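Beneath this line is the structure, given in structure tokens, with notes to follow.
Chain lettering (A, B, C and D) follows the sequence in which the chains are written, and residue indices restart at 1 in each chain.
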Amino acid sequence: MSPEEIIQRRVASELRPGTLVNLGIGLPTGVAKFIQPERGILFQSENGIVGMGSRPPEGMEDEELTDAGGAFITAVPGAATVDSTLSFGLIRGGHLDVTVLGGLEVDEKGHLANWVVPGKMVPGMGGAMDLVAGARRVIIAMQHTAKGRPKIVPECTLPLTANRRVTLIVTDLAVIEPTETGLVLRERAPGVAVADIVAATSAKLTVPDHVPEMDLG
Amino acid sequence: MSPEEIIQRRVASELRPGTLVNLGIGLPTGVAKFIQPERGILFQSENGIVGMGSRPPEGMEDEELTDAGGAFITAVPGAATVDSTLSFGLIRGGHLDVTVLGGLEVDEKGHLANWVVPGKMVPGMGGAMDLVAGARRVIIAMQHTAKGRPKIVPECTLPLTANRRVTLIVTDLAVIEPTETGLVLRERAPGVAVADIVAATSAKLTVPDHVPEMDLG
Amino acid sequence: MKQAISPQQAAEMIPDGAVLMIGGFMGVGSPHRIIDALVDAGRKDLTVIANDTGRPDYGIGRLVRANALRKVIASHIGTNPETQKGMIEGRIEVDLVPQGTLAERIRAGGYGLGGVLTRTGLNTIAAKSQRVIEIDGEDWLLASPLKADFALLHADRADFVGNLVYELTATNFNPVMATAGATVIAEPREIVPVGLISPDNVNTPGVLVNFLIRREAHHVA
Amino acid sequence: MKQAISPQQAAEMIPDGAVLMIGGFMGVGSPHRIIDALVDAGRKDLTVIANDTGRPDYGIGRLVRANALRKVIASHIGTNPETQKGMIEGRIEVDLVPQGTLAERIRAGGYGLGGVLTRTGLNTIAAKSQRVIEIDGEDWLLASPLKADFALLHADRADFVGNLVYELTATNFNPVMATAGATVIAEPREIVPVGLISPDNVNTPGVLVNFLIRREAHHVA
């Protein structure tokens, strides 16, 4: 199983039936592949739809039905079009149950940095700051390290996306929960040892006596 | 011609083609009778429609199509339904060209009181405060006196509706324009002498050399 | 998918003392069947946030007559002398708010905003006890967000996802209140199967709605 | 009734240095014909308020490539390296704003509000130079209203009153920008006679719209 698939499958199992979920561009988008339709989860795309469906068959695209990355999508039965103000009203008003976002860094306070690398990459925050500030649960879905360097760090060196503690960090190695007293290692990926996770993490990790393997369904 | 009709006809002639107008309940509502459809004036009712039409024929009422007074209305071709936030967005955002409202008192500063008589009548301001604060032009349509007592006074004794100077006062006796330097008598009703207007007004009135009669169309 | 429940079941969810937003403008676009069920259930001490209190024995006026209200936050009570009487006698606390400010305060509650900065009511008695914020030399009233335990809505049409469609001037406060109630209960004229409402025709996405009131039984197949 | 004009006539109205709001999300729901006309007219020093700057040579990206922009207020420029390059080289001033805050700031401009009180961006570098207002012990960022000389919109359908109907995700910023431009020009896919759009299907009432772009001629009766 690829690192991406481990992350996506584990995040998928976090999503509760009947909830409203926003998946960030990139790795998080792929989480949808592992959600059974009968769970009644609705996906929001912040550019203006609640009830986003998968990519349409070739030749059946509509140029006015796209996701926040500009890719063609479909609308599930029961979908609703929303304009940008209502779309972010859902996000900022506490109506979005879960946002799944990628991360550049997460630190011991559970703070996320994912929108800018000063001097190098200044794409803008898009909806990320609203999503992290507003969603009920914020799940970070990312590789545990980047080019061998830990992304879970004592304190973010990059500019923060929000001053809010995220709910959960899911990587290809581990599930980590930021708590008031720091980061707690909750699960490990199949076949990965706790020591490997600790070694790949520069932040302080609280390690409970028992760290179960992820259930990847 | 009744005092009401004098007021309504004179107000009607103030309204420019192609504008958006909100008529208050009561006397102002009757202004619509004197507007030719070809002038392309759109009437807003703040409970949620732009393009309000006249009362429907008996038996053709729709219980979900009413004005702000609860009376049955119709929708003109090109009408649009708006919810309360957009309806007041139009009013507060400077998109409403004219509001025509009744008044209890108007004073030398052009301040209006029309929403409460403390201890006696506390109906609430409804949309009146938003209309007076937000509309581009505020026209007060009212009888010049109430039970013989002047309603155009040196300073309002009743609580103000807004701290904004209204645009024009149209009564059964006169047209008066509030300016930075006070109230200016602009027109008199047919057959009414300037002295009669001054006598019925307790506020200081600037009276130009020539005060023409109203043109009632 | 949303449960379609009876008005009585809705009333049972709502305890005495609850804070309710109720859609409608003089009863047009109000959830009349839920209101009746609240009256029948003998609810007391309710706080109602609404444009107005309807007319005597109509719309929210039925709750006034039933002595179910302790407090009203509204823009206008002039069409219901019984509310005025209750206010004068001290039985009902009445907080009068300009209509546009009321709509924006509800929206601020539903959209996660800290308040509303408005000129409406500035330097009037309606602004007393409200904070004034100076921005670039101009004064603005700061009005606080409004939220409710329950938002009780009327709609023209719904599907079982909870998507709502409103009609004409029965729209009014219903869509904005849908964003600001912890529990949102909608009373549509009809409920259609999922997929029959085009996404572009949905006014309130179903994710905001918790329960639908099922229509009265006319026809059993 | 609204004039239906050509994209060229629209571009002629818009002077160098104007502040424009342009609807669309990565070009989806942008008024492409007006954009092309602005490029053809050689406009300079424009300020553009929009969600993003499209892709190179697509959507607002065409204005970037034509060196027509002096300033951009947007939530995201990552899909257009040419905007980033212009920013780094100091040719384009870029003001990055969280997407939800951008939408609310435009709405505040259009709705006559004094600003937006939001938690988004609080205690981040995106909040620098923004005022913080404490309300009941909680901190809120105060973001200022945005207005424009012209709002340039895409719509699916219009009538000659100027009523606009949007479709699916081409809706995005168009309806809110319709409230905040001193002059509003809409480029609908089609314009239908007055009366063909039901009042309940209108998304932007025609009173907000000043000009419609007439469709390209396909058929002359």
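Convention: a contact is a pair of C-beta atoms (placed from the backbone, for glycine too) under 8 Å apart; a residue touches a chain by one contact, two chains touch by 3 or more.
Worth saying up front: this structure is predicted, and the values here are computed from it rather than measured.
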Contacts common to subunit C and subunit D (chain labels): A, B
Chain pair, A-D or B-D, that carries the greater number of C-beta contacts: A-D
Cα-centroid distance, subunit A relative to subunit D, in whole angstrom: 29
Cα-centroid distance, subunit A relative to subunit C, in whole angstrom: 35
Subunit A and subunit B: spacing of chain centres that average the CA atoms, whole Å: 55
Two or more partner chains touched - positions in subunit B: 49, 75, 81-82, 85, 88, 92, 134
Interface hub residues of subunit D, defined as touching at least two other chains: 104, 107, 111-113, 118-119, 166-168, 199-200
Contact graph of the chains (line, ring, star, complete, other): other
Touching pairs among all chains present in the structure: A-C, A-D, B-C, B-D, C-D
Residues of subunit D that touch subunit B when the two form their complex: 1, 107, 109-113, 159-161, 163, 179-180, 194-195, 197, 199-200, 202, 205-208
Complex contacts: residues of subunit A adjacent to subunit C: 18, 20, 40, 42, 44, 49-51, 75, 77-82, 85-86, 88-90, 92-95, 134
Of all residues in subunit C, those that touch subunit D in their complex: 104, 108, 111-119, 133, 135, 138, 140, 142, 144, 165-168, 199-201
Subunit D-touching residues of subunit A, taken from the complex the two chains share: 45-49, 62-70, 75, 81-85, 87-88, 91-92, 116, 121-130, 133-134, 159-163
Complex interface listing, subunit D residues touching subunit A: 25-29, 51-52, 55, 74-79, 84, 87, 94, 96, 98-104, 107, 118-126, 156, 166-176, 203
